[in-house]
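Here come two complexes built around subunit A, the first alongside subunit B, the second alongside subunit C.
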Partner chain A sequence: MIKGLLASLSLVPLAIVALLITLFIAESWPAWEKYGLSLITTADWDPVRESYGILPAIVGTLVISALAVTIAAFLAISFVAVSYEFLPPRAAVVLGTTMDLVAAVPTVVFGLWGLFVLAPIMQAAQEILWRDLGWLSYNGVGPFAVEPRGGTTVLTAALLLAIMITPFAASVIREGYAAVPKEVVEAIHSITSRRWEIVRLKLAYIRQYVFSGLVLALGRAFGETVAVAMVVGGNFVNVIRALTEPGVNVSALIALQFPNAHAYVYMVPTLFAAALLLAVIGFAINATAVYFLLRR
Partner chain B sequence: MQKWSRDFLAATNGGVRVNYQSIGSGAGAAQFIAGKLDYGASDVPMPGDRYLNISGKFVQFPVVIGSIVVVYNVPEIAYEKTGKYLRLTGDVIADIYMGKIKQWCDDRIKQLNPDLADKLPCRDIIGVHRSDGSGTTAAFTLWLSKVSQEWNSTVGWSYTVKWPRDELGLGKGGKGNEGVAQAVLETPYSIGYIEYAYWWANRKKYDQVGGVAELYNRNDGQWYLPSVESVQMGAASGLQRVAQKLGRYPDPKEDWNPISIEFSDPPKGYPIMAFVYVFLWTEYPQDKAQLLRGFFYWVLTEGQKPEHIVEGYIPLPKELAEIGLKALELVKAK
Partner chain C sequence: MIQVLFYAGALLAGLLLSALTAALLGDPALGDLHLSYVLYVVTVAAVALGAAGPRVLKNSLSIAAAVAGVLGGAALVYIFLAQVLYVGTAMAVKHGGLAFLWNIPPTPADETGGIGPALLGTLYMTAIGAFFGFLIGFPAGIYLGEFRRELAAKVARIGVNVLVEFPTITIGLLVYALFSLLGMRAFSGYAGALALTIIMIPYVALFTAAAYASIAPAVREAAYAVTGSLYKTLFIVMRKVVARAVLVAFLLGTAKIAGETAPLLFTAFGNDYYTSEIFGVDLGEPTGALTLLIYYMAQTPYTVQNEVAWGAAAVLLWIILAVFAVARLLQRSA
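Now for the complex of A and B:
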């Protein structure tokens, strides 16, 4: 009886996801019918003429998320390593708790901080990157190939996002780090006494935790709306050629445009199509992650 | 709204509390229609299709003016250094956002500003705009559509438009008025449009890096800096034009979309206009009808005094407030 109840309860999340996907498909149908695949393969955002193509947002999502997770990986791993290997235990506890608190800060606070503090700093930083590394480009496409026009850009959004998702990655990695069995720790210590070597071996031992932590962080990066919307610069009509340009990602596009979307005929279906795509990409990434985790 | 509700609470000695929550214009109108709110407020009139659904059962009227200003960041000609604000016509602003005018040292900008001509730098203009859909964008692009034929046919006006300057890589968006206000402040050689209130609160900062544009009214041939007087003059003369066309003052029961368009590019005064509209049902339960009438009567009379209006918003000229007062007579108990 109870077993059956629990089993059916476990299906509830699945049912909710299925329902959501069905809703996305149904609501986005008029847009697919009208625009076909050009909805996701072209770049346009012209509500006056009801012409939409969300390629810039899709590229933006992939670039911003990938960059954010890469930065977050460095931040989270070094945070865990430093607090466990180089700091007295008490300080590590304080630091860890602080990190957990960072995860609880409302995203709009991050957004405001990003807009008023991070963006002005990034403006100067990006000027330098563009001046010194702008030549790293191919056909005008390169990380810093475009002269930055103010601080709110794709790069600023990715960095802000990285800071926001680091606590999520760090907390999972920390769990793993603390759970390394005593025998393994002793074995590692018997091989080497160099601290960075110890860190490297322990991280290799808990690589599945590291991996899960980063996948969790990636999920957060995918869905974050408010903070990204505030610092990403909001250019919906061009596919970015450089990180130093203003751009947009799918979640920010939805957050920015949905409130007034009902004034148009095809904007709501288009935004639902964008949501559907976000869900599909998210599932694909998570499925890949689970596959690799189980294979080992 | 929040300040009015606070001040009204004080005026009634704590007797009446009117709640107001900012949920966005589109959502406000939708929830008002769904009956979830006793009254709605929006920076655009009730949209045409929705108006048709509830026509005759509700009234709408302006309660305050929130004009739109054009701000710029050009350190070389900052108001603090030159003591002068840049003069721009709607035509030139449209061509800037369309990408036809590329740099600040363009001859057409120089011609309008002979005193600043030799200081205008040959730097690319960065056109900043809202990245979220907004009534501010609608009012701004409506004005550009009226004064520039080409803008009207290639871009048009809407909550969100396709900015040609973005396609050139010389435009960027900001979320909300605060986002655009901040982007212009921090981005040298940028131009942007924001609600009057956001400029007013930061005007000292803008004077350090640039300033606020003096705009040209093509109908009376005069230049206007945004001010309570110039904006009220625009609203009053816009109303006169509406009255002339209709042969009467606009009615709170009719569709205000065509009317609000008439206020843009008015015969006299500051040329860009945006109102905050209030929606009320014509029938309420007895006590509610009385309370809402009382509150909005206060808003349209006592509430229009400077001490009760949020800094940066502009009180209605008397003739416009009277339309609201007329609307209140139509609000009755069931």
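Now for the complex of A and C:
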């Protein structure tokens, strides 16, 4: 009896996921019917003509997340290596606690800081990057090819996101790093005594942990809404040509456009289609992370 | 692959840091030579030699990159925390000190204001979300942990794993769609509380499952032998074994949902005024939340609203810090 009750309660999350997918498919159906696949393959945001294509948001999501995860990978691996190999245990505990605290800070607080503190500094920094490295472009497309008009750009959002998602990657990598068997550690020490080579070999041994941690961080980056919405600038119309331009990601698109969506016929279904896309991507990312963890 | 990511990240972070340093120093130049050029060259050279140089350089430069990464990251994080707490608290004091906690938020025309309805809304919705989330998540977690080898538990676990990683804005849209479908008003405190409940459930369930799964087999068998009843074993004897871990999960989960913004955007919606004589906030109406207040007031062009957003951020961060500290102490003394 009790067991049955427990079992049925444990199926609640699965039921919620099923309900979510069903509702999103139903709510977004008019948009898929009207636009077909062009909904996700074209760049357009013209509510007056009821013409929508969310390609800019999709590209923005991919670019912002890729940048953020790359920087976060560097920061997380550095953190784990430094705190386990170079720091005294007490200092490592302080650093680790800070990491856990950062994971608990509400994202909107990051957004606030990003908007008022990071963005103005980033504007000056991006002007320097554009002046120095703007020539790195092909047909007008390049990392810093567009002159920044303000601090709120894709690059600012990526940097802020990188700081926010580092703890999630670090906690998984840390868990693996601490669990390397003693025999393996001894074997590694018998091969080399250079500290970084030891780190490299240990990381290679726990690569499943590293990848699943990074994939989970990627999941965070894909789904992050308010912090990105506050510093990304909000450009729904064009696919970005440079990191120094304002952009948008899928969840920020929903957050920024949903409040006035009800004035139009097809905007609500379009935004539900975007949400469905997010849910599907979230599902895929999770499956990948679990796959990496189970393979060891 | 890990190495490629590490050095690519180091290069990116280094270039960004170079530009940031140059910008902070006012872009100094020696004739035609900007400081930024020097910093790029140093970054690129260090990363290139660290990735593919002679063995000695590879070792020392990679360590240098990692140490620089930790120092840079930690510096950013500590500056961030200190700035939000210091500037935010100063703003809260400026706008009435303790009265900041119960005054209503300012309109652009006001000189000062507070966060009263938003604070109350956050407390109510978080309390409801944490209560129901725990009520469902805890037993669900027991099943996932204690009967983890059964097929049903494995299937249920997939749902929990997926739900905990879902972008939270989709949860807000789900509740919105659900309420609209049932013909109810989606912009209400109850909708917000439901969204927070849905976010809390898988979080508590995962931690509870891990705690129950980690109970030593001998203790488990002893518990079953002594009580002879499933209910007493799971909820009384073994609950005491894992109480601390579950409490920590409850506290961290509560802190997490108290800081959620995205799921409240289209459910609680936000409200700058008190809506009830008795409770202060009527959850049947659109309800304010600290996070929503920060989100909206940060993006207005009015200084007074921006200042209140900073004050609200400090209050929220202090609350989160307090909960985090309690959870940490519980973990430490375990």
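Please note the rule applied: the second predicted complex is superposed on the first by the 265 of 296 C-alpha atoms of A that agree within 3 Å, B and C clash if a C-alpha of one lies under 4 Å from a C-alpha of the other, contacts with A are read in each partner's own complex, and residues count from 1 in each chain.
The criterion applied here is as follows: a residue touches a chain if its C-beta (ideal position, glycine included) is under 8 Å from a C-beta of that chain, and two chains touch if they have at least 3 such contacts.
Here the structure is a predicted model, which is why all the values come from computation and not from measurement.
Annotation: superposed three-chain arrangement on subunit A; subunit B versus subunit C shows a clash.
In the superposed model, A:K3 makes contact with subunit C only, not with subunit B. By the touch criterion stated above, A:F116 is placed in contact with subunit B and with subunit C alike.
Contacts of A:L294 after superposition on the shared chain: neither subunit B nor subunit C is touched.
When the two structures are aligned on the shared chain, A:M230 is found in touch with subunit B and with subunit C. In the superposition on chain A, contact is made by A:T152 with subunit B only, not with subunit C. Put simply, more of the residues of subunit A are touched by C, taking subunit B and subunit C as the two choices.
Contacts of A:L37 after superposition on the shared chain: neither subunit B nor subunit C is touched.
Once the two complexes are overlaid on the shared chain, A:W45 sits against subunit B while remaining clear of subunit C.
Using the contact criterion defined above for the overlaid structures, shared-chain residue A:L11 touches subunit C, although it does not reach subunit B. Common to the subunit B and subunit C contact sets on subunit A are residues 115-116, 230, 259. Subunit C meets subunit A in the complex at residues 1-3, 5-10, 12-13, 15-16, 19-20, 22-24, 27, 34, 36-37, 40, 55, 58-60, 62-63, 65-67, 69-70, 73-74, 76-78, 80-81, 83-84, 136, 139-144, 147, 152-153, 155-156, 158-163, 165-171, 173-174, 177-178, 181, 198, 201-202, 205, 230-231, 234, 252, 255-256, 258-262, 265-266, 291, 294-295, 298-299, 306, 309-310, 313, 316-317, 320-321, 324, 328. Taken together, the subunit A residues at the contact with subunit B in this complex read 44-49, 51, 115-116, 119-120, 123, 146, 149-152, 229-230, 233-238, 245-246, 248, 256-257, 259-263. Only residues 2-3, 5-7, 9-17, 19-20, 23-24, 27, 67, 70-75, 77-79, 81-83, 86, 95, 97-98, 100-102, 104-113, 115-117, 121-122, 124-129, 132-133, 155, 159, 162-163, 166, 194-197, 199-200, 203-204, 207, 210, 214, 216, 219, 222-226, 230, 251, 254-255, 258-259, 271-272, 275, 278-279, 282-283, 285-286, 290 of subunit A touch subunit C when the two sit together in their complex.
By the touch criterion given at the top, residues 24-27, 30, 47, 126, 131-134, 155-163, 166-167, 169-175, 178-179, 182-183, 186-187, 190 of subunit B touch subunit A in their complex.
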